[in-house]
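By letter and in written order, the chains are A, B, C and D; residue numbering begins at 1 in each of them.
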Amino acid sequence: MIYEFPQKILFKHCDPAGIVFYPRYFEMLNDCVEAFFADIGFAFEDIHKVGRVPTVQIDATFSTPSLHGDRMVINLQITRIGRSSIGLDFHAHCGGSTRFTATSTLVYISPDNSAQALPDDMRTALAPYLRRTT
Amino acid sequence: MIYEFPQKILFKHCDPAGIVFYPRYFEMLNDCVEAFFADIGFAFEDIHKVGRVPTVQIDATFSTPSLHGDRMVINLQITRIGRSSIGLDFHAHCGGSTRFTATSTLVYISPDNSAQALPDDMRTALAPYLRRTT
Amino acid sequence: MIYEFPQKILFKHCDPAGIVFYPRYFEMLNDCVEAFFADIGFAFEDIHKVGRVPTVQIDATFSTPSLHGDRMVINLQITRIGRSSIGLDFHAHCGGSTRFTATSTLVYISPDNSAQALPDDMRTALAPYLRRTT
Amino acid sequence: MIYEFPQKILFKHCDPAGIVFYPRYFEMLNDCVEAFFADIGFAFEDIHKVGRVPTVQIDATFSTPSLHGDRMVINLQITRIGRSSIGLDFHAHCGGSTRFTATSTLVYISPDNSAQALPDDMRTALAPYLRRTT
């Protein structure tokens, strides 16, 4: 399955060139990840009572500028579920045009900042979004 | 005394109209207050070990738009030092033009969120910036 | 009528004290105003082709801190529709607790930055949200 | 030469875990790049009259969390000066600890969004920061 996160481009996202200022895209990615975890039953506000899921690596390629008012959608897929880490893949598009692609790695850590094994119920909830690579 | 906080207008502050997006001004005000407290010997990263100084009220009037590259200066003065609260006044200007004015109220609170008396040494450090009202 | 803008408190809104960092509230207010105008038929991305609606004054009082995960709602009402300006009133609440109140003034300006009369159709669209003061 | 950009970690950069929220690092990188160009004589507010230098690709690896009050420094070096693109390398550190590393690619484009050759004087100004690869 692919998780879809709609994101209209708002005034606050845009720079003097009238296009999205790229650090705002990373806020959107964070919002997308937070919404995804909430929708599969692991809201960050709950996770944070027993751990955290920081992003340890991220890269992005910006293909086509996004304009104020664009109704962009971010597609999220999981590329890897490791012992304590999760690989994510993002494809942001609008009307058939790719706006950016990104990949990131999250790590599940305990309150004392050490990596810990992903709980089994989280692993089960993540599994449907794991990309088939046939 | 007046505390002066220089703030060049950067690309990230500006909106599609090419002028500062007003919520960014509030980030600048927060930076100004944080720099002021650090410069008088009460860095927020230290204060936060024993309390906090949240903003409980703020208002701002935006007079003239600021453009990318403008070398704005924010003047900070104290208007009131209460038992646990501090009144602040801000005047942001560039080349003789007022960009915005603002006032705010901070409250010194303990870790359990109750207002607490400003420590005497903080009171002493704040005093020189109290506006004379003749 | 009262316009209601739901805003879940996200990780990105919160500071080291675990509560909303107040400049983020101003971004939310801007999002609320942008959504309101879009919903009454005057999307900012369209307005901006013929003018702008900058905020010229705003004030806010923060009553109770908001926590990550809170499902806050911002209520927007219009307090005044002038020749070229609009007065707004905001009440942000969650579960019966007021988080903050704010008022602001917007001005409708032409591309050359001079105040211009609100178009009649915008005036008509705004009217239902004008607060009765009986 | 290595360009050094000091960046104290401020309250606004930090999340409920008390560490920098990673999208803020990308704002810092943007500030670093903007300051670098200004310091070598090509302020963005001037460049933007004849073109732009958008980031088309960026990746980052976050090694060690940064805390409020940390006096971080971002080191910038140039890895490649192409016909119209510039490769950058960043190393952010504090007290001997690497906080994050990043690389990015900028492209010099004309107002009509087509890639254009880097002007000779910009090329000359960039050259001293090109990393020697022995």
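Please note the rule applied: a contact is a pair of C-beta atoms (placed from the backbone, for glycine too) under 8 Å apart; a residue touches a chain by one contact, two chains touch by 3 or more.
For clarity, every value in this text was computed on a predicted model and none was experimentally measured.
Farthest chain from chain D, judged by C-alpha centroids: C. When the interfaces A-C and A-B are ranked by C-beta pairs in contact, the top one is A-C.
In the contact between chain C and chain D, the residue numbers used by both copies make up over half of all numbers at that interface. Averaging C-alpha coordinates per chain places the centre of chain A 28 Å away from that of chain C. Averaged Cα coordinates give chain A a centre that lies 35 Å from the centre of chain B. Residues of chain A in contact with at least two other chains: 11-12, 16-17, 21, 23, 27, 30, 48, 68. Listed in rising order, the residues of chain D touching chain B in the complex are 10-12, 27, 30-31, 34, 43-46, 48, 67-69. Within the complex formed with chain B, the chain C residues making contact are 16-17, 21-23, 26-27, 30, 48, 52, 54-62, 65, 113. On chain B, the positions that touch chain A within their shared complex are 11-12, 14-18, 21, 23, 68.
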